[in-house]
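Sending over a structure as structure tokens; questions will come in a sec.
Order as written gives the chain letters A, B, C, D and E; numbering starts at 1 within each chain.
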Amino acid sequence: MRGPAFLEKLEAALPGAVTGRNLEALDPWIEVAPERIADVSRWLKESSEPRFDALECVTAVDWCEPDPKKAAKVAWQPRIEMVYHLWSTAARVSLVLKATLPRWKNDTPGELPEIPSVAGVWRTADWHELEVFDISGVNFIGHPDQRRILCPEDWEGYPLRKDYEMPLDYHGIRGR
Amino acid sequence: MISLIGSTPLGGGLFAMGLFTEPVSVAHYLVVGAILFTAGIACMAVKRNALGVLMGIELVLNGANVNFVAFASPYLQAEGSRGLGLDGQVIALFVILLAAAEAAVALAITLNFYNNHATVDVDRADDLKG
Amino acid sequence: MAEFLITTVGLSEWLAWTVTAVIAAVLVLNVIAGGALVFIWAERKIAGRIQDRLGPTRTGGRFGWLQSLADGLKLLAKEDLMPEGADGMLFRLAPYVSFCASFCAFIALPFAFDFIGCRLNVGVFFVVAVLGLEVFGVILAGYASASKWSLFGAMREAAQVVSYEVPLGMCVVVPVMLAGSMDMVTIAEKQAGWFTNWYLFHDPFTFVIFWVYVTCAVASVNRAPFDLAEAESELVAGFHTEYSGLRWSYFFMAEYGSMFLVSAMAAVLFMGGWNGPIPVASLLGLSEGTGDTANYFVRLLGMFNLLGKATLGVLVMMWVRWTLPRLRIDQVMTTCLKYCTPIAAAMFAGAMLWQLFLPGGLVPGLDRPAGEIREGWLEGPGGRGAAAPAASDEKVAQVISSQVNP
Amino acid sequence: MAQLIDDDPRIIEFDVRTDEMLVNMGPQHPSTHGVLRLVLRTDGEVVSEVEPHIGYLHRCAEKIGENLTHRQWIPYTDRMDYLAAMNMNLGWALAVEKLMKYEVSEKARHLRVLIAELNRIASHLVGMGAYGLDLGTFSPFLYAFREREKILDLFEEACGARLTYSYITVGGLTADLPPGWLQKCEAFLDQFEPIIKEYHALLTTNAIFVKRTANIGVMSRELAIEYGCSGPVLRGSGVDQDMRRDGEAIYTAMYDGYAFEVAVMKDGHYPRDHEYPPVPADAVLGDCWHRFFVRMLEVVQSMDLVRQAIDRYSACKGTIGEPLKLTEKMPAGDAYLETEAPKGQMGFYLVSDGSAIPWRVRARSSSFSNLAVAPELCRGCLIADVPAIVGSLDIVMGEIDR
Amino acid sequence: MMAAMSATGLVATALPLAAINWHSTFFLLFAVLACVCAVAVVAADNVVRMALYLVLSLGATAGLFFLAGAEFVGAMQLMIYVGGTLVLLVFGVMLTAQAPFVSIKTAPGDRALAGIVGASLLAVLLLSAFSVEEWRKPAAGVVGEPTATPIGMALLGVRVDEPPAHAPAGVRSGYLLPFEIVSVHLLVVLVAAAYLARAKRRKTPRAIEVAASVEPPASVAAHAAIGREPAGRSGSVLVGGPR
């Protein structure tokens, strides 16, 4: 089952989970309410037709313009966009899920935005989510062992945030 | 090397005693055996480590073996005496074999003790105390 | 040899004995120290050629002759490191324990008929026993290094060497049984003549057990594919991970020394020792009674023969090392306990039965009776062990007959 | 649950009271393929748990990508899987071309296939040789490198570099092949073909090699998919998936007209398996041996593809065309494309706000997902199996840490 | 080694070389090594070092056996005692080689007491060692025949050696019975040691934990039977009509 019909199935199975869509994009995507992402994932993996048994990639895109002059001109709202690329090995089709998070939880800088972890659905999400947490700063609720994976354990800040500034000093090593 | 030994006071003394020049006798071996035996006894008495006690037993048996071999050796016997002959060597052989067997069993016991008590301190092996 | 010097060259007795001793000492020392240098160079050249490259080419002119010497100098100049948590005394002592064990075994190794450090009538037994002591150096090194990788290496070595001593002992016993002596000189002399006299070709069982011996020997000296103790892709460098400089090189020398030793043992036990595939000496008419000079020449020839065979063995070990992957520890133990030991036991029994029922061999003409060629040599010149085997064989037979038929 | 504990062969029973020990394998260790650190929890020789620690080679490639134009980032893709830099270039170039809806010339397309497949051979040679090294045999490593050197010579002649090529670029390739190159390439293929038998003799069919790899680190197809494994690791588990055949149109169009069979075991047979040594009796689908064997088959498959590409390339008239300008603007939007790199599916995700500089760059590396499965495979194995399993995954740290 | 020692002797011209009894010199060397190492076993606290000293002591004793002409016993000592027993011992040490157990300290009081007892025992033993006139006489240095063959024959029950001078006439029994007894004994010990060391099998808590964690999620099994069908060019699931 492909095309809009698939989307209808999804909406029928999980009403209210899909909050947006773009079927004309290069990689057509659907937007999912962040708190429903785990449910949607589970449905896609276990109940949908075709089943999306492989998670290829988890990405966080930081939409933020640190320069105030440019920020006035941009058309979009500052946000964190989670992007999940799914793949069905049986049907050999892909699916892109997106979810929008605030840049900071409750708009308090320093408090990480939260989204349910899908590590319980696809085990590969474990490391991918760790990487997103590490460099983009998103908290995954229900992740088995959330820690820094690429950066050192005591690294401060989330390098792939657009407003990230390299620390001046790390254990006596000059940063900038 | 010998000249070096000879030039030291101790070496000179030993030399004077004829240790370097005289052939050894059975008594020489007996002295070695005695020291090994005593060391073994002391080791058994002193060590709290079960493995240390085991090593003491080995030393004791070894000291006895030295005596057996010394008495058996035709080379060490003085003129006209024949010593124990083959008997001494064969007994020494049996002692070695039995020591190996004993070590295996003792080690097994030690390991078992360690499994149950998480220590090899023989002072703690007092389960049979009433 | 001393007699030769006294009677032919005309040296005084003590000088003759001293010269003999020096030559023997130089021989033994050269094999283990100089030999190690040559073998290390050879290993690099062979590895290079096997791997489609040249190996050392520049040091010392052509072929990189002096590469090992240069390496030795580098090792001398290297800093001697010791880990902080190491047990200093044991750490320092361990390489020498290993080296001494390997070195001591050379005392009883005959290079030719009486080119031997000390002829023991339990020579084979002695060599196997002393070689087994090498494991102590490794265990101590592993324990004292205060490194987990080293400890893994030491434990593997202990398990492996202790296990492989069993089949190795069984393999060694077969030639001992055939020769009726544990004296390595006697064993080798009984195989004198054409290569058909070698115990390797004595009967099918000895032929099989030779290969079991080769396997066990490679395992007991820790060469690939049994180099579990230093498995570089798993344990970094195993028991010598923490060693550097000169101390490390002692382990290396011990390894090459033992390699040579087990190869020479194989030569003596199964391949006639210094008695060549072709009895050049007797073909030339240089047999017993042609004079001391001739005798001396024959012995020199024999020494090169044995060195050649042993070197061949070492080279084969190198070839194997650069060809095969490494086994896993459980597979190493399986090889020993499930394959080598039963095969060795069966072959031992087979060789025993063969000796009982077919003492003359299948083709009597091919297999000349042992000791026929140079009977006189077994009694040999001087030395308290030397005259013994033949004499006591006789006596044993005499006593047995007297006791069986009173 | 109790049933599971009693029956699970991975549960080890101990005769003697023992303690578990934590051992660091790496980051400086001969067989961790770069700076990978594995923390092993062992009981004697038995490994109960393996925890990989990565990040020692993290170079912020994605952050750098947000500050360079699409073509300027090509050299950074070189440094991801530096053993297959051409394939990395190709993946990124195709992702950008997908976003820009750009199509390269026919000649460039065949040249890309030619170069990418040649680099696949080189990468698999390293993977194969290094795997031998992990198992303690040194010579096959050098035999593999000897042949790889010849491929590098060819690359050097084509683009001037031996490791980090930046040859395939957005909009085509930086240069056409020099004259006489194709003949040299064919000469290489001809002399390389018989050498593969040598590799099979030294490794694939070697009794010790089989003992060390067969039935070790068995990964079921479900587990492989669950962990997002790809490439030979996935195909070694019997999953019939190859992006060159199953991928998106823009990538598979590159291979239009090429004949090749995906190297995967179907119904107990590999494609053309009569030409190769038989599968050993104790090998189980999904074990280290099969992962290794799939790589060996892909070497032959790639040679075939290179030959086909040479024919098609030389049949094309004209030039390969010019690559895009460095500052060529991209349309706003995002694009994700996975290509079949030697190590597995290399995905590039690209978000653009309409300028020449991407807003966000994401590299989904195959080794990253492939390594994540290592703890699962290493549970309950022996220490010696850890290098065997990690080596069979054929990881490159440059790609994992990026 | 012997040869090397004589080589060093060549340069030692200061002493009358002929006067030196090499046998005695080597005896002294091995005897000192054996005794010093035996005492070191008692003095050492670290169990691994104790094992090392014991090896050296036993090895030196083997040297003494060789010097006494008991080559077979010496080789046996090296092989079984030093090689076998001590490797076993080292295994024991390693199995228990954790910091608290490696060195269990002895109380100084115990040490002093043992010293006194040991010294008096040693005195008695030494006294008895020198008590018999015959034992003190220097050896005649009669080179005996090698003993490997006679021992081997004797173990099979056939004596080929000369009887001792004071042996009663007619008693020339071999050692077949003791040999058999020892063999059976060794077998029993082998079985017993294996039985004793084989404690009740236990699972480590860790293993149980691991077992719990390896249970696959239910979802994995559900996917075992995904059918395969060749698909065309892939794309997003959201593109194209229902198939």
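Operating definition for what follows: contacts are C-beta pairs under 8 Å (C-beta built on N, C-alpha and C of every residue); 3 or more make two chains touch, one makes a residue touch a chain.
Computed from a predicted structure; not experimentally measured.
Note on connectivity: the fewest steps through touching chains from chain A to chain D is 1. Each of B-E and C-E has its own count of C-beta contacts, and the greater count is at B-E.
Each chain's centre was taken as the mean of its CA atoms, and the one lying most distant from chain B is A. Put simply, the C-alpha centre of chain B and that of chain C have 31 angstrom between them. In this assembly, the C-alpha centroid of chain B lies 13 Å from the C-alpha centroid of chain E.
Distance between chain C and chain E, defined via averaged C-alpha coordinates, is recorded as 22 Å. In this assembly, the C-alpha centroid of chain A lies 75 Å from the C-alpha centroid of chain B.
Residue positions of chain D with contacts to 2 or more other chains are 16-17, 225-226, 246, 248. Residue positions of chain C touching 2 or more other chains, listed in rising order: 155. Touching of two or more other chains is recorded for residues 27, 53, 89, 92, 94, 96 of chain A.
Touching chain D in their complex are the following residues of chain A: 25-27, 53-57, 59, 61-63, 83, 85, 89, 92, 94, 96, 122-124, 126-128, 131, 135, 148-152, 159-160, 162.
Against chain C, the residues of chain D that register as touching in their complex are 21, 23, 29-31, 44-45, 132-139, 142-143, 146, 202-203, 206, 208-209, 211-212, 382-387. Chain E meets chain C in the complex at residues 1-4, 6-7, 9-10, 17-18, 46, 48-49, 52, 55, 59, 66, 71-72, 74-76, 78-79, 82-84, 86-87, 90-91, 94, 97, 143, 145-146, 148-150, 153, 158-160.
Residues 14, 17-18, 20-22, 24-25, 28-29, 87, 89-90, 93, 103-104, 107, 117-118, 120-122, 125-126, 128-130, 132-133, 135-136, 139-140, 143-144, 151, 154-155, 158, 162, 165, 181-183, 384-385, 388-389, 391-393, 395-396, 399-400, 403 of chain C are the ones touching chain E in the complex. Remark: chain E residues 5, 8-9, 12-15, 17, 19-21, 23-25, 27-28, 31, 34-35, 38-39, 41-42, 47, 50-51, 54, 57-58, 61, 64-65, 68-70, 72-73, 76-77, 80-81, 84-85, 88-89, 91-93, 95-96, 100-101, 104-106, 110-111, 113-115, 117-118, 121-122, 125-126, 129-130, 134-144, 147, 150-151, 154-155, 159, 161-167, 175, 178, 182, 185-186, 189-190, 192-197, 199 touch chain B in the complex.
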